[in-house]
Each structure stands twice: as structure tokens, then as C-alpha cells.
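Both complexes below contain subunit A, partnered by subunit B and then by subunit C.
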Partner chain A sequence: MINIDIGATAIAILTLFGIYSLMAISLNLEYGIAGVPNFGQALFVSIGAYTAGITYTRVLPLLAGLDSVHPCGPTMGQALQLRSEIMAAQPAAGFINLALTLLVAAIVSGAVGFTVSYVTLRLKEEWFLALVLLVGGETVRIVVRGADNLICSHNGISGVAQPFYFLGDARSSSLMFMILCVALALIAYAYSQRLTRSPFGRMLKALRENEDVTRGLGKGISLARAQIMLIGSAIAAVGGVLFALNTGFVNTNDFVVNLTLDIWVMVVLGGIGNNRGALLGAALIAILDRFTQVAAITLNMSGSEIEFNYVRFIAFGIILLLMLRYRPGGLLPESPLTTNAHEVLRRARGAEPLSRRA
Partner chain B sequence: MPLLELANLRKDFGGLRAVDDVSLTVPEGAIIGLIGPNGSGKSTLIDLIAGSTDLTAGKVKFDGEDISDLPANAVFHKGIARGYQEPTLYFKMTVLDNLLLPVKDQRGEHPWHAPRWRSWQQEEQTHAEAALEVLRQVQLLPHYDTLASDLSGGQMKLLEIARALMGKPKLLLLDEPTAGVAPKLAYDIFQQIARLRDDHGITLLIVEHRLEILFDFVDYVYVMHLGNLLASGSAAEISAHATVREVYFGD
Partner chain C sequence: MPPALLTTSLVNTIQIGSLYALMALGITLTFSVMKLPNFAHADYVSAGAYAALIVSLSGVLNPFVIMAAAFIVGALAALISHLFVFKPLEGRDVSLYTLILSSFAVGLIIRYILFLMADYFNLFDLRIAIPLRILFREGSLILSNLFAWVVPTSIVLVIALTLLLNRTPLGREMRALANNTSLARVIGIPVERVKNHAWLLVGGLAGVAGALWGMQTAVSPLMGWAAVLSVFAAAILGGLSSFTGTILGAYVVAFSEHTVMLFLNFNFGVDLAYKPAIPFIIIIAVLLIRPRGLTQLIKRGGELQR
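The block that comes next holds the complex of A and B.
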């Protein structure tokens, strides 16, 4: 048996929770609120991770005032040592690089999300976009995998250190990183809530409820949906950057269709159309993930032949089926939309009893 | 100059000609009835005017402007709003939000301003007050924070009309505004509709099967049959029209 460190487990789960939350909130905005079935979520997450892979190997040394070393091929080890040294000794360069990475990732991913959706939605309905994104995500992955110089093809880039590596102590550095992840997730949540309860959110939900009628009431569909794809894709890419920093590894194998399905499970489990549900779904999947990891390692060390990691996929399948059969709205179903208009009115009119209801 | 002018409108669905060479005019401030048996092309004609369906041939002129090729959202911005035969409310939203949705050019609908509530709350308040005023007119004011799904059938019909009004249309197209409503309430709905014209100067084109009510309110009636315009005239003329009586009432 291995000893389970409760503190480290909690930090790991909360870190995953923060990262998964960003991905789930993004998909919930796109599909839950606006009804755009994004089956290419892995693509937008991967854009974040690839960006991190590129900036941490090319930009970070420049920020530290050093020459960059080509990260692939024979100089691979030298480049790894260089960025580890910088992350340990020059926290300022690390933080500037992180900020830059998040910004570039969000902009690139948002631009891709907007452009692909706008062009596609003008041509065909939203399920065609779902297909384009599904295939597009895999295509991009294969192209990146084949490129020798981007993130070193199938080798990937390892040693993408967390921004708090300079603290030296592994526990405090992962604790700080956990706080960063959870904080970014909560900011994304607060932002999404404000967006959902604004006239923009009202329009998106109206489009989801009845496209034709909403168009007849003067709303342009493709633009509004492309706009939410821009926002959602940017948030997913932020999740992708943190994902790469958390594993310390950027590899195309992490961004197969499975990742997209994981994010869908989170949203379906938590509650489609409910931002709080996205947080809950992310939390439950983070716990399940950690549990299966620990179980798999424990079983391996006890010499068992069972590959427990596969149990995860079986569990996800069962969860998805049970939810869709017995609780299609998720654990926290979407509540009726009440926009900020009601509060505005209440404030303006005082406690005037307009309504029959309490 | 008429407010709406249809010239040789045609619509084919595959081999079926749903609307065949229909030309008609709607003068400003009028209440025009559009009647005909089921399948005569009335609803398709409404769809064509509103831009919900592409037309095969012909021209739609509104307020002196050719709007034939505009999509539905652009047609709405030109000043044409429509109701539907089936209730098409946003049932998961409150009555108030149903009304606020169609308001044009909302600052809060822009994703940049949307999360910054302070930038549009003042505007939202103005719109919400206007919505309450419209609700007062159709006597739905006490229901403003009710879910649309909790309204009765007649209230839903009224809310749908009220919702269309929030876009400040010049022309309102209504497709069977009293479908599925009790006879007494149907008359009430038409009285409300007449008031839209009298108090707000809104022009109306109404598809309706309840001729006994419709004929009390319309200035002029067009009759469609098998995609064609069969006859037109005042309510009295149409009631007495021999061919109309034949196809419509089976006399």
C-alpha cells in the first residue's frame, strides 16, 4: 500500500477542479447557454497548452535576458535545464511569461473560435459546426504532432514548470499554483454569471430556445453565436495553459477527443445551462480522476494485472447514460432565466407590490 | 403610397407552388384581413413578408424600400414585426424578459458591455418601464414576473402581441391571433388589436379563421385560395361574394 498524503491530495484535486472548471464553464457558455454544440473543446484547450509549450521554450529565456536554446533534438536537455534554472532563479521573468502566455493563448483561441464559428454558422446550422470542430481539433493535433519544431512533434515538451517553482519547496509551490487555478476559475465563473444574466445572455438563451422566432425579433444569429464562441474559446485556452503547467508537459496525446468528452461529461453531470453546475461537474470529475489515479497506482504496486485507468472510461460512460436517462437536466438543473432587469425594476420602484405573487 | 406592397410574389416548395403570383397592397393605418381555407398559402405569405422564408420570385416593398432579399432580423429592424400561429414565447423566461428581448439596439446585448452591468442598467430600466406600460395596456401587468409557461392560452396570445410591439413596428403581421382561445376572449383580443391601430397608428395584416369577429374590425379583406388571390373587398363585399362563399363555406 502507498500512503495517501491528504494535504497533497486536496491540493491536487483543487488544482484539477480549477482547471476543469475553466473548461466546463467555457462549454457551458457555448452549449448550455447559447446552444452551440462545441465538439472541438480539446482544440481550444490544446491551443492554450501549445502556446505555453512555445512561450516557455522561446520567450522565457529572452525575458530572462538569455539566449534561447532550441528545445527539440540534440539540445533538448540543455533547453530543459535552462528553463528550469530561469523558473527557479528569476520569478519575475516566469510571471511575465505566464501573463503573456495566458494573453496570447486567449487571443489566438478566441480568434480561431470566432472565425470558424462565424464562417460555418453562416453556411449551415450549428450541428455542422460541431462536426467541423470535431474534425478540425483532430486535424490540428495531427499537424502539430507532425511538426518537428513547434513542440518537438511526438516527443512533446517536458519541464514546463509551474510559476511558483522558485519557492523551492514543492508543497508551497503547488499550493500557490492551486490558488492561482481556483482564483482564475472563480473569476471566469463570476464573469459568466454576469454575462448570462445580461441582455446578451438573454439573447443567447432565446436563440437556443427558438432560433427562428428570435431571428424574427431582430437578432442576428451567426454573429451572437460566434461572439460566445470567442469568449468560450478564450476561457478554454486559459484552462489549457494551466493544464500544461500542472502536468509540466505539453504533448499532443493529451488533446484527443477524449478530453472533449470529459468536458461534456462535466457539463451534463453538473447541469446544462447552469454555471454553478459546471463548477459542480468539474469538482466531481476532478475527484473521480484523482481517485482512479490513486487506485490505478495502488493496484499496479500490488502487482495486479488490472489496468484501473480504463475503469475511468467505463465510469464516465455509465455516468453519462444514467444522467441522460434519469436526470437530463443534470445535478443542478438550469433555473428559469431571470435577468438583471428584475432587480433594476425592483430598485427603481422600491417595494411597490406589482406582482400577485410573493 | 401604400406602406406594404407585394408584387407578383411566388413561392415554390419543391414541386408545390404555395404562393402563386400574389400582388396586394396594405395602406398605412389600415387593418387588413387575409383569409382563405387551410393550405391556401396565407401563412406562407406572412413568412415571405417577414423574411422567414426566401421567395422564389416577386418583390416586397415596405415604406418605399425593396426588402425582398432581407433576412428576418433585418426585416424586423425595418419595422415589420410578426406573431405566430403556435405560441412561440420563451417559456423558460419571465414575461418581462420575453418583452425585453426584442428591444432594438440594446447596449447590454454587446458582449463587451454585457458583463459591465453599470454600462447598461440605466437603459435596461427605461426599457423595463416601457415593457410594464405595454403590459398595462394588454392587462397583463400583474404577471410581469411570472414565467411565460404559467400563463393561460389567451394571455400567451396577448403576450406575443405585446412582445412584437416592443420592437416599435410600423406593420404588425398576425397569424391567427385567436387560435385556440375561447370566443369571448377572442373578441377581447381583437379589441386590443384595434386599439394598436387607433392609439399607436400601427398597420395590421391579420390572418384569421374567425370571420365573424374579423369582419367587425377590418377595413379590407384579401381572400386566398390554392396559393392565388381569389378576391378582395370590404368585409360586406366578401361576405356576399359568390365564389368566396363556394370555396370557403362550401355553399
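The block that comes next holds the complex of A and C.
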């Protein structure tokens, strides 16, 4: 048996929870609230990660006042060392770079999401959108993998350090990074709660339920879809930046359809259309992921023949099937939407207040 | 592009295109009769390939026996996923996305069960070793008996499926289901039984495709999944409804992946690493520009037709 460091495990799980929450909240806004079947989540997450790969190798040295070294090929080791020296010695450059990365990733990904939803307006059947997004994600992945000068094609870029690397002590730097991830996730959660309860959010839910009626009420549905894709994609890209910082490298192999499915599992498990559900789903999957890692290592060390990492995917498939069949609403089903005015009115009539979960 | 390269790539096109046709017909049939875009289809292919591999490793090298085993395993995988996953969901009248998601989940489960099995028994990247003979040699072009197995078998199966669909009572019932399920039920077609038969047929053909595929390349748990989008591209070129369109689509996809890609590589220096992007571009272009696929060019699209 290996010793399990409880503190480190908790930090790792909470970091994953923050990152997964951003991805799940994004999909929940798009599919859960607005009904846009985004089977290309991996694309928007990967835009964040690729941005991090590019800024960390090109922009970071400039911010530190040094010449950048080409990150791929023979100078790969040199570039990696340059990155870690800057991250260790110049925290300000690291933070400005992170802020820039988050901003650029959110803008690029949002723009892609916005554009995609307009391009796909012509599609004849609704589920074609799911297929186009799925396939679009894979296309971008293959193009990036083939393009040598973006993130070193199939080798990827390693040494994408966390912004608190300068603290030196691994424990405190990962603790600070965890706080950053969870904080960003909670901001995204608060924002999406607000958005869900706003008139715009209610319009999106109407759109999800019946497109024709919503159009009949004079709402511009194409623009609304494009806007929610913009917001959702931007949040997913922020998750992607943190994902790259957490693993420490950017590789196209991480952004396959399986990642999209993982995010769907979180949303279906937590509760489609419920932001709290997205958080719960992300937390459960983060715990499950960490558990599989530990179990796989433990089994491997005890000389077992079974590769436990495969069991993770089987478990994910079974969870998805069981949820879809027996609890299609998820663990925390969506509840009726209430506004403050609605609550005041109900109370004035002497009725029970509705549940405030939404 | 030198002519020798051209002929080799055309041979590849025919060989791969025939396999794509076999798989894509299954997807078209599932979509028309069961109203389900089944992403687990690819994993019936892998399951069939593993069944064939295990039979061949046990010493039986008769291709007919190998294909029969693959047919049975593929058919069972399809029937089980219908009975335990898709049928209960259809009964609840869920959204199409729920069905798509559950087909992904079914595929995931089959794929990683194969991974576990392959890992435990060390069955990665083995070929189904039917004895190889060279039938024809002309310069750099070599045709082995593999070509003679893969291409005629696929074509015979495709023709048999088309005949079954157009000339037998079962085929008529399936087409009735494809056209209007409620109406088919009203006029007394045993809907559930027809569906079960359709699933067995679809899964079995996928399994045979896996066996044929495994004879020419190595068998791996990812082999079907790696081809799923090419196969979907073929089915979408057929408008997901027409058999002729799907078969043509399969050869179009194979042609662009092999011949066109080599041509671009040779004449314009396009890296071969971009090859997997070709079916994706086909899917996006067809869905955006001509969502009924090639059928629109041939005749009126719509219902399942010959």
C-alpha cells in the first residue's frame, strides 16, 4: 500500500473540482439552459490550453524582458529552462502572463463559439449541430497537431508552470493554485446563477422548450443562441487554461471526444439545467478521477494484472447510462425558476415560498 | 503523381471503401429504421474483430468460420445494447441527444471492456493471420488473396443486404418502419421483432467488417472508433437514408482519404498528418451545403430506398 497524503489529495481534488466546474458550468449554460447540444466542448477547452501553450512560450519571455527561444525542436530544452527560470524569479511576469492568457483565451474561444452558432444556422436538423461541433473539435485538433509552429505538433509543450511556482515550496504553490481555480469556478457559478435568473436566462429556457413559441413572442433566437455560445465558450476556455496549468503540459491528445464526454457525464450526473448540479457533478467526477488514479497506482504496485484506468471509462459509461435511464434529471434536478418579485408576490398571497434552487 | 502510386492508392480506395460501405450501411439502416445516430456502431466492429482474432488464434484459419464468429459477436453486442439501453429509452420518448449520449456510453463500455481483455491476454496489435498468397503482381502493385477476400465479400454482403431490404418480407417491414413507425404498428407489423432482427443484422455486418479489417491491419480496441467519423461521413453523403448514396459515399470518402490525400501530398506538399481531417471536412460541408447527401443528385431523397 502507498501512504496517502490527505492534505495533498484534498488539494488535488479541489483543484480538479475548480477546473471541472468551469467546464460543466459552461456546458450547463449551453445545453442545460439554452438547449444547444455542444458535443464540441473539447474544442473550446482546447482553445484555452493552446493559448496557454502559445503565451507561455512566446509572451512570457517578452514580459520578463528576455528574448524568446523557439519552443520546439533542438532548442526545446533551453526554452523549457528559460520558462521555469522566469516563473521562479519573476512572479510579476508570471501573473501578467496568466491574466493575458485568460483574457485572450476567453476572447478567442468566445468569438469561435459566436461564429460557429451563426455558421450552423443553415443546418436542416437540430442534431446536425451536435455532429458539426463534434467533428469541428476533432478537425481543429488534427490541424493543430499537424501545425508544427503552434504547440510543437504532436510532441506538445511541457513546462507550463503554475503561476505560484515562485513560492518554491510545492505544497504552498499548489495550495494557492487550488484557491485560484476554486475562486474562478465560484465566480463563474455566481455569474451563471445571475444569468439564469435574469430575463435573458428565462428567454433561453423558453427557447430550449419551444423555439417557435419563443420566436412568435418576438425574441431574436439566433442572436440569443450565439450569445450563450459566446459566454459558454469563454468559460470553457478559462477552464482549459487552468487545465493546462494543472497538468503542466499542452498536448492535442488530451482534447479528444472523451473529454467532451467527461463533461457531459458531469452535467448529466449533477442535473441538466441546474448550475448547482454542474458543481456537484464536477465534484463527484473530480473525486472519482483521483480515486481511480490512486487505485490504478496501488493495484499496479501490488502486481495486479488489471489496468484500472480502463475501469474508469467503463464506470463512466455505466454512470451515464444509469443516470439517463433512471434519473434523467440528475441528482439535483432543475426546479422552477423564481425571481425575487415572484417570491414577494407569493408571500403576500400567503403561499409557501418556492424552493430557491434554480 | 507517378502512375504506380496512383494504382496502389486506387486499390487501397477500393479495399477501404468496401469496408466503409459495409459499416456505413449499418449506420444508415440504424438511423432510418431505429431513428438513432448510433456512435456505438464502431465498437461492434472492434468487438467483431476481436472475436475473429480469438478464433484465428485458436487455430481455425478458415475465413468463413472467422467471419461467422465475428458476425455472431457483433450481432449479440448490437442486440444487447438495443434491449438494455436503447429500447427502454425509446419507450420513454426521450430527446435525440439522450439517445446520442447513450450510444456514446455504450461504445465507451464496449471499447474499454475490449481494452481490459486485450491488456489481460496481451492481444494488442495482432493481425488475423489467414494465410497470405500473392495473386497478382505488376510492377510495384501487388494484389494478395486479402484483396480477394475483402472486396468480393463486402460487395456480396452489400448486395445481399440490398436484396433483403427490397425483395423480402422482413425488408419490406423494415422499410415500413423507416417510413412511419406508428403506421407500421397500426397495420400489424410486429415492430419489436423487426427491430430485433434489424439490430442483429446491423451488428453482424459490423462484426464481419471488423473481421475483414483485422485481416489487413492489426486488431486493436480503438480500430472501430478511429474509423467512426469516416464511416459517418459516408452515411451522411448518403443522406442517412439512401443505400446507393451510402455505398457511393463510402467510396468517395475512401477515395479522398487515399487518392486525393496522396495527390495533395505529392503535388502540393500537404502533410499526410492532415488525412484524418478529410472525413470531417466532408461531414461539415455536406451538412451545411447539401444535407440530403448525394441522393439529392440522383433522385428524390427522403425515405429508405434502394
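FYI, the second predicted complex is superposed on the first by the 334 of 358 C-alpha atoms of A that agree within 3 Å, B and C clash if a C-alpha of one lies under 4 Å from a C-alpha of the other, contacts with A are read in each partner's own complex, and residues count from 1 in each chain.
Keep in mind that, in the parts below, a contact is a pair of C-beta atoms (placed from the backbone, for glycine too) under 8 Å apart; a residue touches a chain by one contact, two chains touch by 3 or more.
Keep in mind that this is a model prediction, so the values were computed, not measured.
Chemist: On the A-aligned overlay, A:Arg327 touches which partner chain: subunit B = first, subunit C = second, or both, or neither?
Modeler: Touch status of A:Arg327: no partner.
Chemist: Please work out whether A:Leu345 is in contact with subunit B alone, subunit C alone, both, or neither, and reply first, second, both or neither.
Modeler: Only subunit B is touched by A:Leu345; subunit C is not.
Chemist: Going by the contact rule set out at the top, does A:Arg171 touch subunit B (first), subunit C (second), both, or neither?
Modeler: In the superposition, A:Arg171 touches no partner, neither subunit B nor subunit C.
Chemist: Touching A:Gly216, do we find subunit B (first), subunit C (second), both, or neither?
Modeler: first
Chemist: With both complexes overlaid on chain A, does A:Glu126 touch subunit B (first), subunit C (second), both or neither?
Modeler: second
Chemist: Tell me the contact category for A:Pro199 with respect to subunit B and subunit C: first, second, both or neither.
Modeler: It touches subunit B, and subunit C stays clear.
Chemist: Look at A:Leu261 in the shared chain and tell me whether it touches subunit B only, subunit C only, both, or neither; answer first, second, both or neither.
Modeler: Second partner only.
Chemist: Which residues form the common part of the subunit A surface touched by subunit B and by subunit C?
Modeler: Correct list for subunit A: none, the interfaces share no residue.
Chemist: Mind pulling up the subunit B residues that touch subunit A in the complex?
Modeler: By the definition above, subunit B touches subunit A via 50-52, 71-73, 76-77, 81-82, 84, 88, 90-94, 96-97, 100-102, 104, 106-111, 114-117, 120-121, 124-125, 127-129, 132, 141-147, 163-164, 167.
Chemist: Under the stated contact criterion, what part of subunit C meets subunit A in this complex?
Modeler: Listed in rising order, the residues are 37, 85, 88-89, 92, 94, 96-98, 100-102, 104-109, 111-113, 115-116, 119-120, 229, 232, 236, 271, 273-274, 276-277, 280-281, 283-284, 287-288, 291.
Chemist: For a test of understanding, state which residues of subunit A touch subunit B in their complex under the given definition.
Modeler: These residues of subunit A touch subunit B: 191, 194-195, 198-203, 205-206, 209-210, 212-221, 224, 227-228, 230-231, 334, 336-342, 344-345, 348, 354-357.
Chemist: Residue numbers of subunit A touching subunit C in their complex, please.
Modeler: Subunit A residues touching subunit C: 31, 37, 39, 119-120, 122-128, 130-132, 135-136, 138-139, 142-143, 145-146, 153-154, 257-258, 261, 264, 268, 305-307, 310-311, 313-314, 316-318, 320-321, 324-325, 328.
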